[in-house]
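A, B, C and D are the chain letters, set down in written order, and residue numbers restart from 1 in every chain.
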Amino acid sequence: MKVGIINITGYAGSELARILYRHPEVKITSVTGRSAAGQQLNEVFPHLTAMDLTIEPELSGSLDLVFSALPHKASAEACIPVLEQGVKVVDISADFRLKQADEYEQWYGAAHPDPTYLEEAVYGLTELHREDVKAARLVANPGCYPTSAILGLAPAVAEGIITQDIIVDSKSGVSGGGRSLTLTNHFSEVNENVFAYALEGHRHLPEITQELTPLAGKPLNLTFLTHLVPMTRGILSSCYATLANPAEWTGDEGKKKIMDLYRDYYSSDPFVHVTPAPPQTKQTLGNNLCLVHPVIEERTGRLIVISCLDNLVKGAAGQAVQNMNVMCGFPEETSLEALAVYP
Amino acid sequence: MKVGIINITGYAGSELARILYRHPEVKITSVTGRSAAGQQLNEVFPHLTAMDLTIEPELSGSLDLVFSALPHKASAEACIPVLEQGVKVVDISADFRLKQADEYEQWYGAAHPDPTYLEEAVYGLTELHREDVKAARLVANPGCYPTSAILGLAPAVAEGIITQDIIVDSKSGVSGGGRSLTLTNHFSEVNENVFAYALEGHRHLPEITQELTPLAGKPLNLTFLTHLVPMTRGILSSCYATLANPAEWTGDEGKKKIMDLYRDYYSSDPFVHVTPAPPQTKQTLGNNLCLVHPVIEERTGRLIVISCLDNLVKGAAGQAVQNMNVMCGFPEETSLEALAVYP
Amino acid sequence: MKVGIINITGYAGSELARILYRHPEVKITSVTGRSAAGQQLNEVFPHLTAMDLTIEPELSGSLDLVFSALPHKASAEACIPVLEQGVKVVDISADFRLKQADEYEQWYGAAHPDPTYLEEAVYGLTELHREDVKAARLVANPGCYPTSAILGLAPAVAEGIITQDIIVDSKSGVSGGGRSLTLTNHFSEVNENVFAYALEGHRHLPEITQELTPLAGKPLNLTFLTHLVPMTRGILSSCYATLANPAEWTGDEGKKKIMDLYRDYYSSDPFVHVTPAPPQTKQTLGNNLCLVHPVIEERTGRLIVISCLDNLVKGAAGQAVQNMNVMCGFPEETSLEALAVYP
Amino acid sequence: MKVGIINITGYAGSELARILYRHPEVKITSVTGRSAAGQQLNEVFPHLTAMDLTIEPELSGSLDLVFSALPHKASAEACIPVLEQGVKVVDISADFRLKQADEYEQWYGAAHPDPTYLEEAVYGLTELHREDVKAARLVANPGCYPTSAILGLAPAVAEGIITQDIIVDSKSGVSGGGRSLTLTNHFSEVNENVFAYALEGHRHLPEITQELTPLAGKPLNLTFLTHLVPMTRGILSSCYATLANPAEWTGDEGKKKIMDLYRDYYSSDPFVHVTPAPPQTKQTLGNNLCLVHPVIEERTGRLIVISCLDNLVKGAAGQAVQNMNVMCGFPEETSLEALAVYP
């Protein structure tokens, strides 16, 4: 199968190349990059030296599927012509994630380039929408934060065991901010530093509520706060929720019940592991896993769920390949089997 | 004034030495260390090369005030004889922080060495107990996490603007775990990694509730979860609470009111700064500040407070010196005026 | 093929597991660990959750090849009985690297457990000894530092273009020191810190001279100094040598000649890349490459070579698998094709 | 004394502010910054919240001494008018360091703005030029790398115990590259990475040779190679030289002699410590020390010297204040007494 990558020169794009490199069914035949057009891929990314590709200004040749790793707005503008040629698209940007065009405009500060595709696009959190992804020609790959938050909360929300009060406190490595240059990814500013940002509301919030609200069947009162920590890869979300009936979750039995509930929920999902101990982002470095660990805090009547993943793999390029596998009928784990790089 | 430091060979102890080195009223005349007795201080800590002291097995000479930086239990056992000689003590360990001996036993896994001192000891969160500290001969220096959490929440709790539902999500650097060797402070295990720990309950929880509950005048339902992030110094606590009357905190006026409330509360406290923007731990590196930033989340009716500090300074040795200054009638800021080391 | 790993619970051992996991010809059937015997592998290493193995006190079952990742001395003691059962061995420890038993004793502070194997053992720097490795039943896997230093210098030494004066200044991440606990791998001691260590002579020096001296055909006057830098993985060696005939290496032609010389030397070696720009350790994270970059410093008449690799892959477990592939007739790159994890 | 800082908004400038803040003889009365003119200093640098200053487009008011922390070329252009008003200047840029205008042009790619000042300017490596600094009205503050290299080598060079063959391998933290944005200070590119850069020659080389050659009284054949390591502050230089008479430096006596030679050389210098053990950059974090450790490598007949410092303090702002103290007749250590922040 011939695959193209639009904007391979960012972190999500180069991670796609790394993962697809050993996919037995895929040949990357065309890659684009904005500023680097004309250069060899392995000049820009020496770690991709094994790949012999020239970065082009535009996609070329016939393609079966295209990934876009452009920033929002530019991505929709680039994807739509591809779609219209009958080529499948997995868009890693935010452009087709929200179903409501006005919500898009509110959070992204610009009118959506073409809202007609919003309904068709499948929100590619594979675990929640596998059947829709199978049939999709346009998949909106979820954001890194939402992937961790939604997978951490979905079982509890879907089973109705918590109230509407939810707090998600997320900690992210720096690569989530991309490869462009800002003071908040300057090494000297980030190293030996932790801080909260986007206190006025992070763009990933509407994705989280869009996905969890239908599962809950009721409005949620959800706080989502993001923090930057001095590491390159990884997101860890600590989710706090109020148990609807705390009396049902007491003692060792409560502990067992919550583990069973989560394990049942993800029993068919190869990339979500419900872990017996609190997970660490390092356990996901370079792999496509989301590790989830639910705990009952009996003293307060709360459920705490820790959820973590590699923001560039399960939070971006890995999930995109997972979606491609499902869309194209390949085994879901193809080329995503690697273990974490540890330590 | 002659001062002794028990167990100078840990991080809190050596940080005390760093801070006291330029205190105009203090001469460190005796320091002890368990394994390093007999060595020169600057052999063990080359960064203290300017200090000419021999590490002794026991304190020697007459002393006016003693800091103990021993681990819990050992610290009480070492402090009590000092107190009984009429020497003032600032104990950096947890041994005299909790008022209830049974609570101590529950959290620290051993009977308290001498509960008779628990009532007398003053919990040395200077901002809350300055008058008691002035008169104290035994000050229990607060834990690093509780200092950030209590200072972040005290104004809102004391003013009764929030309900009993509180969540404190804290992120700490590695030095909070001390200088002894464990897998969780092995560089290769911690670097490029974030994880939650002590999900079953952290020992600093009872300090937080002990201090906040009387301020609230009602029981609190407080969740406190700790995380390790890959940096040496710094704690950042993200505190989430439910506003009792959200309608009173809307719009720009709500934003202004919450800032005013916090600024008024700390108007006489030189080491708590209510910041106009979300603070960063790096802004406290090496100084004695606690930076606090309250935000109204109108959409959810919640108050969010970000609070941060250097765990070895305001969270340990700096606050201990602050307490000493208050106990001994020196200006509270003496030898604590330094700006943060940034970047 | 059935493979065993002795002491899987260190970093080299767990890295072997990660790499072999996707080797199509290998099944890991027995793994041992000293303190963790009886535990499930994925309890000790959650990132190996996909592997279903119990850590045993001793190897069990029939095996075709065994890797030992024990510390020196213990490793020889464990490997010899395995060898005597006719099983092939790749020893990652230093025990069979040096040909002279007295040199071993001098550097490792103990008599060699059984010097009779020293002659037979093949020093498994695959690029230099591929033919011997093919026929070997005992391969001594090189040290991490020597791999970078020897591969960086071998072409220049073998071609006789430099004098005997060589300086190797190496910088290593912390994982090279293993998983056991010391102050020099305590996060708070290593983070934001760089220092030289083993100024009195590092144990890896005799390996480097043992390999380079025969290539040079003359004694070398080689200084080798090691430094610790605050990262987990990676070694970068900066090698400085005096050109025998500087006049032969001037201008653009000199630059081209040195690149050609190096590229020719490694033209059949899939895991040594002679790079057009100075390489970075991050370009080797998780892969089995050694990146080498030679530069003529015309002003001083010196050759500078930068050489880097991932100390746990090409510097340990990856090279061990490379050697196994050669010993067993598999394609040399099998299960080692992965690209670096970047960033 | 009234002091101004030109371009306070970089790392050297803000570090000057931190250090001068507690200088008893100095009042900072005017600060400038290019892009931030009009802002409050503590908006731009919240860690300087204690300082109440507005960033101006140009210096204002009468001043006794001015520091310039501008980049090269811009700095000379800004300093010369100040000098012509009779105000003393300490220039942290490279503009007045080199005595030869053509050398400046060769390394900095532009004609010097006004070479007439090159002769008058004193190279402010205080330890080597204290008497000239006393009388100077224009001090060229040395580069961070040269400070570590020259202080590490000066005693051996001046005493004539080494030949002309010298190699300096330097490792630097990221803050040395300043606060402007480039891929080489993007956190995700630098973290978990080490690399050599400027292999074609670093701009700091001519400073090193300019200072060491007269001490040697003969031409030197000096290689200087720079590396970036993933930390914020700190430079460590490993210097390798050939002993002129190795036979004079054997055994314990040789070790003692080299220590004595170095200690004698720096016996009057409060900020150079000749350390008994290899120093670590962390031991200089935030202080003005250069730590130097010479070792005889008897096996090879070489001298190895490890030298380290905080690039923003002894390598920039601290040394600038040290020079100011000497120029103005204040005790040399004033406001520079602080111990390192460790860990």
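Here is the rule we use: contacts are C-beta pairs under 8 Å (C-beta built on N, C-alpha and C of every residue); 3 or more make two chains touch, one makes a residue touch a chain.
Computed from a predicted model, the values in this text were never measured in an experiment.
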Shared interface partners, meaning chains that touch chain A and chain D: B, C
Most distant chain from chain C by Cα centroid: B
Higher-contact pair (C-beta pairs counted), B-D versus C-D: C-D
Whole-Å separation of chain centres (CA-atom averages), chain C against chain D: 37
For chain B paired with chain C, centre-to-centre distance based on mean C-alpha positions, whole Å: 45
Two or more partner chains touched - positions in chain B: 11, 173, 175, 179, 188, 191-192, 230-233, 279-280, 282, 285, 343
Of all residues in chain C, those that touch chain A in their complex: 11, 14, 17-18, 21-22, 45-51, 175, 179, 191-192, 232-233, 273, 275, 277, 279-280, 282-287, 291, 337-343
Chain B - residues contacting chain C, complex: 11, 173-175, 179, 181-183, 185-188, 190-192, 230-232
Chain A partner contacts - residues on chain B that touch it in the complex: 165, 167, 169, 171, 173, 188-189, 191-197, 199, 201, 221-223, 225, 227, 229-234, 236, 238, 240, 242, 278-282, 285, 295, 297, 299-302, 304, 306, 308, 343
